[in-house]
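Each of the two complexes below includes chain A, the first together with chain B, the second together with chain C.
Let's turn to the complex of A and B:
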């Protein structure tokens, strides 16, 4: 359904000395219709950039994005506009995703108007329906975003998205600004909506606990590259890449139910994407690094049905 | 012996729309060498609690009750004395180090400033001490890093600087407000480990919404809801035997604990519900919950709950 091949984005900065930031470097994955791929990584790894590239909010340097066998990256503006309603995006901060001067009803009506999806006389009926689908009540229609809580506003954002009846939803940290009890409401709603409308999700997050319950498959990203991808069960249960293992171990330390035991913490920090390490990008922090890792960049290799890892020593 | 004792603290903010009862009758005490966690969601008043202890509130705030520290009530000491207390006796580590550091002053100087003011060291010695502090929080090549500006530090490194600054004058009590907010998991784990190490012989009030972090650091934790504490006990007891419906709901809404949300939203601190403040969202609500406000009761040794049905 959605296929990404060798997606690459290089940003350049500086006037005299051009520096290149390889934000996304040859990323490939596929998401089956009606399933969720979780894209996990720490800040600055390029996960948000991937979401934006797929939507063509920024133009890629190289690569292919196939959506029902149409290459989105070669589409002209007008063709792209036609296909956009079928792909929607949810952002981290619901409060800044909504126009503060528009009532909730107007906000939801806008995409219906712009894309001429629902005739004018049916619009208010449609809005009431959407409001109900996302668990808000009809009296919210005339309120403004500031009168609603963060969780309620995220529901409004979802209603706006549902208005377009999309196939693919790219969710970029949709709950990271919400409290846990509210986060649970939104995640459950997203799961219900997926079941009902057979949405395909690309779920971008840094939160391993969240992705674990949301995603069918998980891709782990480090400095612009995928280091591991596989079924959720395999990635969590049989993580092979040292970075994935470190992420999981750092996260389980925090987990309320987990044993309080000493685990090996990852030393140091993620290097800047400008002075990218040679060879394997993770070698500067890797507990298992050998000489080969500093010279040769590992490829993603399939180790078991659908479970790919990019490491020389697995 | 207790290090900090908060008795019937009420911090209210009068606004045109009514009184915001951010902290509404909180009583707690923190023992020496103990880390006490206050857990709560956005807008429950937990940050105001920390700021009340430091007396860092806007002048419009009204504070009542007692905050006993080292034999005196901090709410009654003079502003000059309070200035000495801050940093020297009680230090605060804030969330969001990026906005807490001055962007145009070198990192080393910012730490040295506190040392010069409180310990009366000269410029050179203070600078030396600042470098030592950076080294203590594991900043590589501290002498060079001390001469850099905050923008040259990453988020995790800045948080280390904040911790170094807080510890510079060797305070006996630390108030840490969401010290790991916004950090990546691998970095968060490093900072938690660092905080654990440097506060071993100190008392700490840790304010956070992150149960995982609290579990790593705290001896006891309290759950705060709508301006008041609803339950507190030893950390293990809270996880194994949570009694208040809010505590249970909070634990149950965690992604790895079932993801069962608490229905509804937290009340506004201006119009608090009558009776038990949690009753509109509670599934065990009976008539008494709607009419009477429950008191904190001790249900087992050291385990306190504010609920009629506990």
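Let's turn to the complex of A and C:
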């Protein structure tokens, strides 16, 4: 359905001494139609860049994005514009995702107009339908984004996206700027919509609790590379990569009555993506580091059906 | 803050805030009254502004009821000439600012949106224009084009468009990164759609501020050029030209320079007050963020 192969993005800066930042470095994964892949990692690891690369909001350095066997990265501008409605993105900040000068109704009508999806006289009917689907009321149509709360605005964003009836939705931290209670509402809404419309989600987040609820599969990213990918159950229950293990132990919340596990805390800072460590990128902070890690970069290896890990010592 | 008034938009918001700002209101009131005086000049003028009456030369103001503000060296009614002069100044201001805004905003938006070589080319042109003192450049251009109001207007547009290009380009650069613009791109909208529907409405506020202050500058510059003899030619009643003609009689008939000078000052000051007030109200940073 959606297949990403060797996706790479290097940003270069400086005029005389070019410095290359490897924001995304050879990332590959596949998402089956109607399922959710959760992409997790700390901030700055390149997860947002991946979302934007797939959407072609920025141009990749190398790689392939296959969407129903169409390579998105080779499409010309016009072809790309035609296929765009089929894949949509939800951004982190709902308040700036909507044009402040447009009413909610105009914003939702925009995709309908741009693509001529619904004839003019049926538009207001369609808008009312969409607004209901995302749990807002028709009276919101004439309001402006600044008159709505963040949660309501994110619903408007969803309505706008639903207007295009997309196959794939890339959600880039869609709830991280919302209150916890509102977060739950939006996440539930997204799950309901997925069931109803068979959406494929790429869910980008740093919040492990959120991803555990939302995702069928999880990919863990560190400094522009995937270190582990597998079923949610496998990754949470049987994490193999030391980075995933550290991430999970840092986030695990105590349940009443549960035994308190010993935390594996990472030492040191994340190295900057400019002076990337040699060999395994994680070796500067890895508790299992051996000499080999500093020289040889580990590849993703399948350890169990669909569970891949990039570490020399599993 | 949630306001559930469906008519509440940024326009009504702005109007409400203009009302609160004393200097903006004062500027606005003055501008409006001067515009009204200009519009109704034919009805308000006691005499034909170009009618020469050598028998009534250099009558001081408040002396004769036929000439409330006196007459000039050719016996023309000063009040009528001032009223008609407002028409000329405002017409020049509106035309120059209108054309400059259209050119400047179009180039600025395209420049900021596409970036790259196009952006560099347009911005270097702006820099080159700005590297000359603007009034000097206008004098040179007006001199090349010959006398007359039309050449003054062309000269002023050639200088003025740069401010609009700069301001709109700057606003576009920050808007371009906004998520709603990316969202419009990802829904498959054309660049032209994004620029006219999303970018333009969001840069209007700073452009209005620049245009208001630009009006003051253009009116002053047009008067200056007319004073220097480039702009309005006799017998057109124009404040700058009146000032120049009255210069010779400064000792015997000071009102011939004081009155048009005061008129210029009043109009320019009014636009400046309004522009400054609007700048505070429509602060570009605040407007884009809101």
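Heads up, the rule we're going with is that the second predicted complex is superposed on the first by the 304 of 314 C-alpha atoms of A that agree within 3 Å, B and C clash if a C-alpha of one lies under 4 Å from a C-alpha of the other, contacts with A are read in each partner's own complex, and residues count from 1 in each chain.
Convention: a contact is a pair of C-beta atoms (placed from the backbone, for glycine too) under 8 Å apart; a residue touches a chain by one contact, two chains touch by 3 or more.
Because the structure is a prediction, the values reported are computed rather than measured.
Engineer: If chain A is used to align the two complexes, do chain B and chain C fit next to each other or clash?
Structural biologist: Taken together on chain A, chain C would fit alongside chain B, as the superposition shows.
Engineer: Quick one: classify A:55 as touching chain B (first), chain C (second), both or neither.
Structural biologist: Touch status of A:55: second partner only.
Engineer: Kindly classify A:144 by the partners it touches after superposition: chain B alone (first), chain C alone (second), both, or neither?
Structural biologist: After superposing on A, A:144 lies in contact with chain C but is clear of chain B.
Engineer: Quick one: classify A:19 as touching chain B (first), chain C (second), both or neither.
Structural biologist: neither
Engineer: Going by the contact rule set out at the top, does A:82 touch chain B (first), chain C (second), both, or neither?
Structural biologist: second
Engineer: In the overlaid three-chain picture, which partner chain does A:183 touch, first (chain B) or second (chain C), both, or neither?
Structural biologist: In the superposed model, A:183 contacts chain B only, not chain C.
Engineer: With the two complexes overlaid on chain A, check the angle at chain A between chain B and chain C, Cα centres, nearest 10°.
Structural biologist: An angle of 80 degrees, rounded.
Engineer: In the overlay, answer first, second, both or neither for which of chain B and chain C A:101 touches.
Structural biologist: A:101: touches chain C, not chain B.
Engineer: I want to verify one number: the closest Cα approach of chain B to chain C after the superposition, in Å.
Structural biologist: The answer for the closest chain B-chain C C-alpha pair is 7 Å.
Engineer: Which chain A residues come up in both lists, the one for chain B and the one for chain C?
Structural biologist: Residues common to the chain A contacts of chain C and of chain B are 149, listed in rising order.
Engineer: Spell out the residues on chain A that touch chain C in their complex, using ranges where they run on.
Structural biologist: 52, 55, 57, 80-85, 87-89, 91-93, 96-102, 110-111, 114-115, 142-144, 146-149, 157, 160, 164
Engineer: In the complex of these two chains, what residues of chain A are touching chain B?
Structural biologist: Per the touch definition, chain A meets chain B at residues 42-43, 149-152, 179-185, 187-188, 206-210, 212-213, 246-247, 250-251, 253-257, 260, 265-266, 269-270.
Engineer: For the complex, give me every residue of chain B touching chain A.
Structural biologist: On the chain B side, the touching residues are 41-42, 154-157, 184-190, 192-193, 209-213, 215-216, 239, 249-251, 253-257, 259-262, 265.
Engineer: Quick check: in the complex, which residue numbers of chain C touch chain A?
Structural biologist: The touching residues are 2-4, 6, 8-10, 178-180, 182-190, 193, 197-198, 201-202, 290.
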